[in-house]
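Dropping the structures in below, format is structure tokens.
Two complexes are shown next, each including chain A; its partner changes from chain B in the first to chain C in the second.
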Partner chain A sequence: MQRFRELSPLRKKEAVFGWRLVSPAVILIGIFILYPVLYNIYLSFFQVSLTPGVPNKFVGFQNYRELLTDPTFWNSFGITMLFVLITVVGSILVGLGVALLMNKEFPGRGIVRALILFPYVAPVISTVFAWQYVLMPLNGPLTILLSNLGIMDVTQDLVNNPNNAFLVVSFYSIWKNFPFIYLMILSRLQSISQDYYEAADIDGANGWQKFHHITLPELYYVIGSLVLLRGIWNFYKFEEVYLLSKEARTLPIYLYEKAFTGLPELGVAAAIATVLFIVMMVLISIYVRKVLKW
Partner chain B sequence: MVVRKRSFIKTFLFWFFIALVIIFVAYPFAYMVSVSFRYDSDAFDPGLIPENPTLSQYAQLLGLEESIRQEMSNEEEQLIKLLESFPEEQRAQILQNIQSQRRRESFPFLRWFGNSLLLAGLSALTSLIIGIFGAYSFSRVWYPGRNLIQRGVLLVYLVGGVILSVPLYDLFVRMGLTNSGGTSMFSLYIIYVIQTLPVSMYMLGNYFRTIPESIEEAALIDGSTRIGTIMRIIIPLSMPAIITVFIYSFMIGWNEYLFASIFIRPYPVSYTLPVGLREIFFSEHAVWAKMMAASVLTAVPVIVLFMTVEKYLTAGLTAGGVKE
Partner chain C sequence: MVKKLTVVILTVLVSAMVFTQTITFWHTQVETNRQQRIRALAQIFEAQTGITINLVPIEENEILEQIPRAVQAGTLPDVIEGGISPILLLGSQGFMDTELNAKIIEDFGDVYEGVSRLMKAPDGGYYGVPFHAWVQGIWYKANLFEERDLGAPTSWYNILTAAKALNDPANGFYGLILPKKADAYTEQVFSQIALSNGARPIDRDGNILFNTPEMIESFRFYKELGKYSKPGFTSVPAALNGYLNNEAAMVFYSTYIMDDIAVEEVQKQRVEQFDPKLVENTGFANFMVNIRPSSFGEVVGLGILNTSDNKDAAEQWVKFLMSGNNYIYWLHMAPGGMNPTRSSIAQMDEFLDNPVLERYGKDQITTIISALDTVERFEFMEGEIIEEMSILSGNFVVGRAINLMFANDWTPQQTAQWAQKEAERLLGY
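Take a look at the complex of A and B:
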């Protein structure tokens, strides 16, 4: 990298111009993202006081000790992992299936394509109320349908049952986010050259063979990146989970309740955030090296 | 690929799956719309077609018709008149009870709608403007440290709101930006800008690189300034990406619940839609029809916005990838 001093006057002017343009963004990101990430680690070693005049008390690793010996934390940790696994696999399978269907031409395709985007586009709060309505115990239309099919008991409150709330939330998350995956996969599908399929036809390949040997390899990196993105996003997911059911006790909800409800324990919450962040970074770096081979 | 006509079973299966997809997607929306046209007492009548359809839920939300709750407030007004003869302390106590009752029962939908529109709109616009210049800078101008900035933008992409909630809350409390409805909304505005800024820059940067530099050079030779070429060439040519970025940033602000609930919970006048609707939902019973009408009204602006620019959106989305 060249040093600023060694640049020609023209390039110096250019560099100053570039810096000026990008500085508002850099300053904002520095103050409100980078600094808070570091400040969060700092806070995790303190008993945080929000009363003016009362300083934070340094407690060393006590917040972490408290956390790592708390069974609720480990429970939430497990639920979060399961939630991420189910939603990533589920939304990719649904998104891939729908993309393959929509890649064929049929009358009315434009309308169906627009409709498919609805769950992704509609606000979380609206769709959450709609799902709570259809899943209402006793009266909800989906509850009645499922109990008529003998799948569940009509009195059961699926959404607010702590044992399976995370499954309901996972289903909702798949429903809400598959259109994003579908769009990405579809745009890749449409760029695959038809020549491959024609050549395979001449060789007498059947549909499954074409999918397995042409389509899937072409989609490898799109799906790989989508797994990464959805994995990251769902790991942190708060709105979609909390608004549908507080009983789906994933880590972000555990953090929220520690920090902002009842007696606030901001230090412990900061420790949770730090653990979340570290786990995330480790998972990402393993994934990027092993699967995406960057 | 065209469905092969000779195989009846294949055609049948194909349409079966299309129908399945439509039902999967539309199921909750169908009930949301249907229930929104019913009276609260009919909310759980079976079937999708309402037996006694009514527009009154919408009329009440939009302030065209008095709701039962507002009528009850007349009684409270009479009570307040009676109170004038009471001793000071007792009066204050009862007044406070009435106020907290009112706060729980009022449903200022239009006010919350306006708050959400203002916050999401302004923050998306700000993020777009800062993002355009930032993205132009690191995709077109060369300077020492450019790569670092480019990679940094990708890295902050990985930091979720949940991670930032504790330190940002602490920070804004210390800056005194949480002690009134107005300052809390300002805090939210800043938070929404920074939450959308990395993705705006990333998406716009990717798009700017696809615009041939020769067009810009021609303008520069004709005597245009650098800022002039951004305004007259880059921005008009990037409209698809700019529209997508704006809509996505808008949607992030429109949906945001975590920070909104932390910062504006004590100030009902400043509620955004997600916070307000959730408070109402948990404070009352059997208001399903009204909740569904409110849900429809919350969803309609975003869905309409998306559908009108769908072709830009699909292009912009797949070109840049998005954050949520």
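Take a look at the complex of A and C:
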């Protein structure tokens, strides 16, 4: 790469012009992304004061030490990782299954395809209320059904029980988000050339072999990208979890409580956000290099 | 001519924008009908004074979470309407104008001493002006109690005996409805039980007392009651609906329940069938006793914040809300639940001229209001404020302890131990 001063006058002008063109985007990214991230890291080294006139107090790495020795943090971290694993794997499997079904011709396919999108397009708050209603103890329709099947006791309050809440929220998240996966996979399925399947038919391949050797490899990058996207989204998922049950105790809820309840500890909350950011960046870079091989 | 007219219009518009004052008012009355009334009051106030009120309704359970967010964003209101916990939290952090709040109380001259005490700042002045108040107790099916010859549920013994005797889960009827969620409602119910047993989570010297025998005994009693309670962790609306639906013999609730019990159209917003006999068949135990008597209630205050740039307008708004017909109009949005904190208003015929208050009668309303003088809470001890309690309340320590006790079938000792450790962690001991 040539240094700027070594460029010809024309090239220099082109380079300056190029910077002028991208500068609005650079400035906007700086203001809306870089500044909040850096300010958050800065805050994580302070005991943030809420009292007017009292300045923030520099505490070095104390917030990080406090955080990393807090069992509640590690407990929430474990729950969050499990939540991401269950919801990503669950929604991919359900989305893939439904996409494969919806790729087949059958009467009324258009309507069914549209209906499947309902959980994804419906507002979170309305679906949350619906889930709270169907899982109500004693009178919830799903509670009654599950108790009739002998799966659970009709007096159980699944949504508000801190031991069950995490599982209920995970199932809700799979139900809410699988249509997005389904949509992405379906659009890729429709672009796979039929020639491959015809050639496989000639070779005598069965359904599973066609799926394993043609469909799955063709879907590799789509599924890979979906795992990455859903992984990031679900790692930071707040509103669905918080609205359905505050008892689920994932990391974003823990962060929120540290930052905004009781006597808030904004410095510690900033440290949590920084740790989450670092963990996420490491996981993403490993995934992108080793799995997606981009 | 057109130019002149344009200049005049622009001048009027600009001057209106420059000179119109706006103050932000946070309140906890989120129900639609209550918001309509508050909007009407704000419009009258604006017509009279030219001051615009920016109304921000916030759920009672959410207000403690909104405060720090607003502090960081610099969007705290000029005036806040809230319970003791948010007012104390703001006051202890230096956000309340204690002098101006005190001046308003003094200007009125007839605010009840008992409720003012709960808003008093330790170094003089008041964190807020007591605005309205409610009392909590057990509302019970008096007819069933009479049939079985059960005593009124005012003592631990009577409550447990009645819960056992009337519990009939096979027919969808339970002894009582008990909250078990990690929220303010659970803490309110537990407060009365613990205080009637001489237990409190923290004393004036800051000693955390969750692991005392009195507190463990209180957790044990709560857990025992849970055996005869309607299943579920139970939110406030669920408790109310359960009682109105005839699903339980007793419910812990505030005097806010009075219009739901008495007025057909209010009751029918919650349940399908109106029970016209519910008023006469319902009793109210407004105190509880085990080793000592205890009443529980909440005073909702109006506080002007130090950060307000429009303190004069804020003072006018507070005085407007607490005067004459405006005050009565506000209180009547929840008759029985919202009781006046000014003696002159409580004695006005216009205040008692209400279909709900009439059904209960002047004597019962007077009894409720008088109970406010003896209300006890974890945040107060012998006239002094225990500010650390607002941190424990803000983090729902009591509610979470009870929630975990029922979810994990913890013993009362385990529950007390958890609460003790959690309180120590939060207070940095």
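As a working rule, the second predicted complex is superposed on the first by the 265 of 294 C-alpha atoms of A that agree within 3 Å, B and C clash if a C-alpha of one lies under 4 Å from a C-alpha of the other, contacts with A are read in each partner's own complex, and residues count from 1 in each chain.
The criterion applied here is as follows: contacts are C-beta pairs under 8 Å (C-beta built on N, C-alpha and C of every residue); 3 or more make two chains touch, one makes a residue touch a chain.
Remember, predicted model here, so these are calculated numbers, not experimental data.
Asks: Once both complexes are superposed via chain A, do chain B and chain C end up clashing or fitting?
Replies: Clash.
Asks: In the superposed arrangement, does A:163 touch chain B (first), chain C (second), both or neither?
Replies: The answer is second: A:163 touches chain C but not chain B.
Asks: Where does A:137 make contact in the superposed view: on chain B (first), on chain C (second), on both, or on neither?
Replies: After superposing on A, A:137 lies in contact with chain C but is clear of chain B.
Asks: Of the two partners chain B and chain C, which one touches more residues belonging to chain A?
Replies: Counting contacted residues of chain A, the larger count belongs to B.
Asks: For A:25, is the partner it touches chain B (first), chain C (second), both, or none of the two (neither)?
Replies: Only chain B; A:25 stays clear of chain C.
Asks: Determine, under the contact definition given at the top, whether A:284 touches first (chain B), second (chain C), both, or neither.
Replies: Touch partner of A:284: chain B, not chain C.
Asks: Go through the superposed model and pick first if A:266 touches only chain B, second if only chain C, both, or neither.
Replies: Both chain B and chain C are touched by A:266.
Asks: Considering only the touch criterion stated at the top, classify A:155 as touching first (chain B), second (chain C), both, or neither.
Replies: second
Asks: Pick one for A:238: touches chain B only (first), chain C only (second), both, or neither.
Replies: The first partner, chain B, only.
Asks: If you stack the two complexes on chain A, which partner ends up touching A:208: first (chain B), second (chain C), both, or neither?
Replies: A:208 contacts neither chain B nor chain C.
Asks: Chain B has the stretches 19-27, 91-99 or 109-117; which one runs into chain C?
Replies: 91-99
Asks: Would you tell me the residues on chain A in contact with chain B in one complex that are also in contact with chain C in the other?
Replies: Dual-contact residues (chain A): 50, 136, 256, 259-260, 266.
Asks: Per the contact definition, I'd like the list of chain A residues that touch chain C in the complex.
Replies: By the definition above, chain A touches chain C via 50-53, 136-138, 154-157, 160-163, 246-247, 256-257, 259-264, 266.
Asks: Can you name the residues of chain C that touch chain A in the complex?
Replies: Counting only chain C, the residues touching chain A are 64-66, 68-69, 71-72, 89, 93-95, 172, 180-182, 230-233, 306-307, 390-396, 403-404, 407-408, 426.
Asks: Residue numbers of chain B touching chain A in their complex, please.
Replies: Those in contact with chain A are residues 1-3, 14, 17-18, 21-22, 24-29, 31-32, 35, 44, 46, 130-131, 133-134, 136-138, 141-146, 149, 152-153, 156, 158-171, 173, 190-191, 193-194, 197-198, 201, 226, 251, 254-258, 261-262, 273-274, 277-278, 281, 288, 291-292, 294-296, 298-299, 302-303, 306-307, 310, 314, 317-318, 321-324.
Asks: Would you mind writing out the residues of chain A in touch with chain B in their complex?
Replies: 1-4, 11, 14-19, 21-22, 24-26, 28-29, 32-37, 39-40, 43, 48, 50, 97-98, 101, 103-106, 112, 114-119, 121-127, 129-131, 133-134, 136, 139-142, 144, 175, 180, 183-184, 187, 197, 225, 229, 232-233, 235-236, 238-239, 242-243, 252, 255-256, 259-260, 266, 269-270, 273, 276-277, 280-281, 284
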